[in-house]
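Presented sequentially are two complexes of subunit A, the first with subunit B as partner and the second with subunit C.
What follows is the complex of A and B.
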């Protein structure tokens, strides 16, 4: 593989383990996201790949070469930072030409490449502005341009859109993914925002407390979470907890405080404690009441309009609150109405609680 | 303007009702003590020195006749210009050496010492806790003919270094010792406010440690460096105590000679003219140094454009 992260660990002092034996292999054309809450170690991993921090153990290989001992400026990687970190004493053009000057390219070549970056990032006309004379979005484009201009072997992005407003962020998501496909170099994108990770990445590494919980294609991470953490963290889910009542060869029925949930059998035995997660949008609503599994009777408590979908806040008979997300144009329900929440057996992500 | 005034009235309705004063009047009133203080202890003394410089003193009497003789003495009697040049060269050399040494010290305190930073910083401020005279007398003990350094030299069978005491070099060492902490403090403050992640950025974009320093760290701390230089230079130029205790017969500096006009010789108006000359020279130097800095190229905006939006 083009980039290999081989057994990387990072400990601070004696106790704090920021990263615990991380192994990843990344292909040349891939857009990878490191997704996790703050403190999960994702930024530390990024800084280790950049060479800004030294791992306590393990190796980083870029294009088949072990770069673990190399200082950052010899690795041929580039980085886009959350706070942009443009050089405040340099103009847009000078910021963009910085990585090229460091490569000792000739003037004509530098001008040509800076021109290219100004063009694709629509920064023309701002050449001689200083960073603080630019808007947040423009600064972001310069930071991105500075990352791309020297055609690095790898671009690292540390929450680059976190400081932008929502509209601009969605616009930039599309742009960033386009640059990655056009340039054909891997992007490693750190974020705590699952929407960014899901909209741009080919594969997502979900990180939690210094571990990679799963490193898989985005659809798999979203639809088939490998761990309870991923089920909770990615997407919006309803959580159930209960004991297995009965099992068959393919399915099991779990009694969750009066709500019977049927899910695929994940190797549980009757009496086992299980955690179940159902994504909001996989629940649909029927008028009136029904019987059986995966069909609790509920009362609509509130209706939240989200534009392209509607969220229904439901109270089940046992008092548990559920959220169902229905697409715009679906049948509508009113607060106070009695409904039945229904879902497919395949929509349930089930995890057996292992005894410690 | 009208709008502004209305706003002010509304905001300050309670205060205005209680005192019958507008917000502006209250603000002026609150600034009065500090204005009075600066006026009494800064502006008035300087004005009186300027006036005195154009008068005469004769046998310990001030005679209020307008004359330019004091200034012509300062400018054309060789001794004073010699003292001034000697002071100027000493001050430039001492400030330059202080700043050059302050850089690694401040860098170490800010970047490496971690939780010891505050303690180390305090240690550097420690000399400020005692008087200049005490510190200079301590230096006499160190540099003197039978002082610590020369005793060591002789004990090792070497010739003592005569230039170490009662020479212009000795006063330069003294001035350096007095004002190095100022330079270190100025640079520490500059480096504390410097975003070292910018250096990280430079390193990821291919700059080695030297290039990173020259292209990012140095220009963005240039103002702090100059402030450190000026804070050394200004007191060094007018230094009177260090040459008196360490300088010896050929080590008279401008500030020391100036002090003598007010003390031993009683030629107050000549002293005043020397003071005005010193003040003007200092202002000129500070002005020239500040002109040498382009604020935009040192990371200062110079404009009011906001970071967000536009």
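What follows is the complex of A and C.
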């Protein structure tokens, strides 16, 4: 593989374990996201790959070469920072040419490459502006250009869109993914925003408390969460908790405080405590009340219009609140109406609680 | 706050008078010294009767010239030493903060609270009695640097306190060695502070009497000579040398202003050039 992260650990002092034995292999054409809440170690891992921090154990290999002992300036990687970190005393052109000057390229080549970056990032006309004279989106593009201009072996992005507004963010998501596909170098993208991770990445590494919970293709991370943490963190889900009432060879029925949920059997025995998660959009609504598993009777409490889909806030008979997301154009319901929330057995992500 | 309702013209007159008075307060003594230096009567040069006697005397008076040279050497060397060490100290404290940052900071600032005269005497005791080294320029420079380090430290710290050290991370990721990152990013952004620090420390040590006095023995410095004349009578050479120093300061500031203007012009044309290339 093009990039290998081999048993990387990072401890601060004696107790604090920021990263615990991380192993990842990344191919040359891949767009990887490190997705996790703050404090999950994703930025630390990125800084270790860049060489800005030293791991307590493990190795980093780029293009087959062990770079663990190398300082950042010898690694040939580039980075886009959350706060952009453009050099405030340098103009746009000077910021863009910085990595090229450090490579001691000749003037013509520098001008050619800076021109290329200005072109693809549509920064033409802003050459002589200072960073403080640019809008957030423009600064972002300069930061991105500075990352791409020297054709690095690898581009690291540390929440680069966190400081932009929503509309601009969605625009940049598409652009960033396009650059990655065009340049054919791996991008490693750190974010706590699952939408960004889902929209751009080929594979997602979900991180929590210094561990990689799962490193898999984005559809698998979304549709088949490997751990309860991923089920909670990725997508919007309804959470249930209860004890297994009965099991068959393929399925089990869980009593969740009066709501009977049927899920595929994940190796539980009757009496086991399980956590169940059902993504909002996998719940649909039927008018009137019905009975049985996966069909709790509910009352519509509120309707939230999201444009391309509608969210129904539901109160079940046991008081639990549920959220169902129906696509635009589906049958509509009014607040106060009695409905039945139904879902497929396959829509339930079930996890048996292990004794800690 | 509301301004008292006076006629606007009265206000303008009042503030203009205040401004003039302030400048007069600042510059009349300096003009007086300059006038005195080119007059036959240095004590009361009104109306001045022109004479270059003071300057002729200055050229022939070795003590004043030597004192000027010594003060200049002490000032320059102290400015360089204290600014360099203060920069290094701040770089260490802020770039690599550790558990003992607060304690180290206090230790660096402690010399600020020692009176100059005590610093002079104790340095003399240390070098002379313990180490057997007589007073000389090098010892005076070091003792001045101890005190000036604190001032330089404070001036530079104020500027670099807001400095984002992650800019150095960015520079290093983009291929700069730590030294290059410092030279390309930290130094230009800290330049105003380094300039003020070296200027302040130069002036402090150039004008210092108490520290240098105890460490130099018979070697004269300008403040020491000026102080001496209080006892043995003020001589015209003192007015001449003071006027020359003031002149140098004014020329120096003019040079700085011009170079700033020229520098900005050059940056703009350079940027135009890059634009032409791309």
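The rule is simple: the second predicted complex is superposed on the first by the 356 of 356 C-alpha atoms of A that agree within 3 Å, B and C clash if a C-alpha of one lies under 4 Å from a C-alpha of the other, contacts with A are read in each partner's own complex, and residues count from 1 in each chain.
Criterion: contacts are C-beta pairs under 8 Å (C-beta built on N, C-alpha and C of every residue); 3 or more make two chains touch, one makes a residue touch a chain.
These numbers were taken from a predicted model, which means no experiment stands behind them.
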Evaluate whether subunit B and subunit C can sit on subunit A together after superposition, giving fit or clash.
clash
Is A:65 contacted by the first partner subunit B, the second partner subunit C, both or neither?
neither
With both complexes superposed on chain A, which partner does A:178 reach: first (subunit B), second (subunit C), both or neither?
neither
Should A:287 be classified as contacting the first partner (subunit B), the second (subunit C), both, or neither?
neither
May I ask you to decide whether A:133 touches subunit B, subunit C, both, or neither, giving the answer as first, second, both or neither?
first
Does subunit B (first) or subunit C (second) touch A:29, or do both, or does neither?
neither
Of the partners subunit B and subunit C, which touch A:150 in the superposed model: first, second, both, neither?
both
Please work out whether A:93 is in contact with subunit B alone, subunit C alone, both, or neither, and reply first, second, both or neither.
second
Of the partners subunit B and subunit C, which touch A:85 in the superposed model: first, second, both, neither?
both
Considering each complex separately, which residues of subunit A are in contact with subunit B in the first and with subunit C in the second?
50-52, 71-73, 77-79, 81, 83, 85, 87-89, 98-99, 102-103, 146, 150, 156
Can you list the subunit C residues touching subunit A in their complex?
164, 166-167, 169-178, 180, 184-185, 188-189, 268, 271-272, 274-275, 277-278
Interface residues, subunit A side, partner subunit C - complex
50-52, 71-73, 77-79, 81, 83, 85, 87-89, 91, 93, 97-99, 102-103, 107-108, 111-112, 114-115, 118, 127-128, 146, 150, 156
Tell me, which parts of subunit A touch subunit B in their complex?
50-52, 71-73, 77-79, 81, 83, 85, 87-89, 98-99, 102-103, 130, 132-136, 138-139, 146, 150, 156
Hey, which residues of subunit B end up touching subunit A in the complex?
195, 197-198, 200-209, 211, 215-216, 219-220, 296-299, 301, 303, 305, 307-310
